[in-house]
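Chain IDs A, B and C follow the sequence of writing; residue 1 opens each chain.
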């Protein structure tokens, strides 16, 4: 009797969150499907979702598909651009984060706590505030320009915010690098110093120790960091909006964000979103499962 | 902010073990190179923000030329200061309201779910856990658009605005307490609860009297994380906002940073930052009190080790 | 290759799942939100064709009655959407929700309004949209009870057809007398049944003379600057598909800025894509701060933008460097915005009072001096606005002359399927392909 109530206790405790996830995670995703496979109002061109999956129509998906791979494939450059930006930004994050994380894990000594705290600090500073910081710096009369022109002496002034791709990539690196730093640090910190000493004792030089020991052992951190950084970047639209506003730096996120508020395009936004999610599903599931497994192991 | 529990745990792991620290490499020339890179990185990472904070105290309208210290953009500017510009005031207030509401709902939901997952095995809880973790990594825009469509096309009892925003935020943040509390539950293990049961406590009683108090640091940490993260949220709150009364600071910054900004925007961002820091300090004090009562060590390391 | 046999259950699983999903879908369908569509039968007189039932596939035959200067329209008043009664008290303790572009209404005027109506303890809330289509999407979704919005005639048939706006009770709006007479009976809304005029504006080019050495206005075809690679990275176009497509058509010698001709639209699209390649313009409506601050040297903008731009000049720089050009013969884009009382609003009486308050002479002038957009006010004579000190000499071109409305090109409402073409072009442009 008591045993049964005990057994029931756990499902009851779990129920509220499960209902919540079903109602506010699964249902919304299903509504996106219904909108993407729905039709639109003939006058207002607002979306009309079709709730029954057996009646779904594919006109919107077809439009998106055409724009990706058809004759008028103007989505494709955006997709490619997004991939290039994300790859560059991820590489940037890695190149900066790796030495920093490595230093913090191995050499920071008595400053370790402080350095770690400073590394984590950007987490509590709002993304928008950090973008605002750069807008302030990169204005035509901002600090960056006054420094490189030595206060107006040199004619080196650059209009940073006028749609420069590298400014957007820099913004992405700046915005997301903390998510790279932390998993990298964890992975590097797990490498036991005695292992490195053993490598040295066996005659490995600095480079080969790095290549044969440090790099392979930091792979999980690199992979986790890459995922944590690149997944949100794929949906990012505000970085490009804040630092550029030029069609030349439009990313997939911008395309989705733009379509959502335009009449007649909500369905296309939904369809595009679904395509993006399908592509991202593999890394998302992989990351989630490997995390769950790590949890079980520990 | 998407930190899984595992990294945080590892941070602790290392700082807890003095033996390992002793074995750490001694700084050589290579280390100085790395130290320089790290210093430059930290400068690059934090200096812009520091400048933003600094210019929130600028006497003039400029966000790039220092014109003297003043609280003008906080208090006394008749139209532009946080106190006198209603839209800024409303945005700040609404940001805090959302953070409090979302935290109050997310943390209990997540803690209960973590407790359930700790004992309840099977496909259903595993699937639910999987979904909860997916909310962690899915691009925020997907969840935001899903909820926007849901509110627009279904006769939900709540419309766009505060409640839609809170619901979206809770869904997005739910993974924090789940992951953090589960990790803590794993380290606590089953012995305490079993002992309590042997002494005659019911399952519920054991949870309430034994497990929950031991879980306190994990609950605290997840509450801090959720609160600080909601303060910063942009995508969800923007899509699910209704009118000016449900705008948040991040939305104000997004809307005006490129239009007609004044240092009041910096001031608003500074206030949010101050509150984030304050939250962490308060959390730390609460933890110290708890640790004293439990007779545990009360340093940062042991707080972090609860992750 | 994994050769293990797949579990035979998977098919049954799927059936089970779909058996669960279908009732789920049905349950969702049963709580679908009623879209606030106007009563279809009578509204069809406004729409020209009967509205198909909501679930039907998009019918390409849906046509709207389009108002234009040559074809003025008196809109129907649908049953159930009659004007409010005369002599009602404004709602007390109300929050009047305004829905408008950012920086498009003087905050001080709002403050004055709440003071004026302090007996009723009213509050005013100012929410913003970035373009008209965003505004329409949100108004039609019915998710927020906005009271008053500031729109233009590119959506008026839809607004009437969908019962999204209320017909006005003229008893509450005596200040209409202060407005130019042609705006007391405008072609887009004969007998001003639904709208009162807000401001008038041309679309042209704004720039800073100290950053651009050329005198843009003196060029043979000033619009060409957007295709001149010498200005690459320095300029912007408006974040509004109609304005950019319209300008492109004018630049290439066309005059039909509302064309439905696929060939003309394709030409415009190609020209716009060429512009992207030549000058990489930014797309924004913030020229009124970007040009003064020097973020942009030059931008397509509305006439009011440069006038208000004077107040956004950085310290130490004189506003006399601002310039504005639109065709001096008036043959350019010229439009006006109007105020409407939204049907979904909770305070229709107060909304009427607000409209009346806004078009009153003194308030209108005060608002003008802040937003920079010119109201069609009898007290303001365009010929003397520079002499009277309303507008500096360097921006004389930004004054909208009444006779321009006879020769200029307004951006009219489009049939839904034509609008879809415009939207597609715009999306392609914004994708930066």
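A few notes on this one:
Following the convention adopted for this analysis, a residue touches a chain if its C-beta (ideal position, glycine included) is under 8 Å from a C-beta of that chain, and two chains touch if they have at least 3 such contacts.
Keep in mind it's a predicted model, so treat the numbers as computed, not measured.
Nearest to the common centre of all protein CA atoms is the CA centroid of chain A. Distance from the centre of chain A peaks at C, each centre being the average of the chain's Cα atoms. One simple way to say how far apart two chains are is to compare their mean CA positions; for chain A and chain C this gives 34 Å. If you average the Cα atoms of chain B and of chain C, the two centres end up 39 Å apart. For the pair chain A and chain B, the distance between C-alpha centroids works out to 17 Å.
The set of chain C residues that touch two or more partner chains comprises 28, 32, 141, 284, 314. Within chain B, contacts with two or more other chains are made by residues 62, 65, 153-154, 258.
Residue positions 27, 31, 34, 49, 139, 141, 161, 245, 266 of chain A are each in touch with at least two other chains. Contacts from chain A toward chain C in the complex involve residues 27, 30-31, 34, 39-46, 48-54, 57, 72, 74-78, 81, 139-141, 159, 161-164, 244-250, 254-255, 258-259, 261-266.
Within the complex formed with chain B, the chain C residues making contact are 28, 31-34, 95, 97, 99, 102-103, 107-108, 125-128, 141, 143-144, 146, 284, 286, 288-290, 312, 314-315. Residues 18, 21-22, 24-26, 28-29, 32, 35, 37, 47, 51-52, 54-62, 64, 130, 133-134, 136-138, 140-141, 158, 161-162, 233-234, 236, 276, 280-284, 293-296, 314, 416, 419-420, 423, 426-433 of chain C touch chain A in their complex.
For chain A in complex with chain B, the touching residues are 2, 5-6, 9-18, 20-21, 24-29, 31-32, 34-35, 47, 49, 96, 99-100, 102-109, 112-113, 115-116, 118-119, 121-137, 139, 141-143, 146, 161, 174, 177-179, 182-183, 185-186, 189-190, 192-194, 196, 206, 224, 227-228, 231-232, 234-235, 237-238, 241-242, 245, 253, 256-257, 260, 266, 269-270, 273, 276-277, 280, 284-285, 287-289, 291-292, 294-295, 298. The part of chain B that touches chain C in the complex is made up of residues 60-62, 65, 79, 87, 151-156, 159-161, 242-245, 255-256, 258-260.
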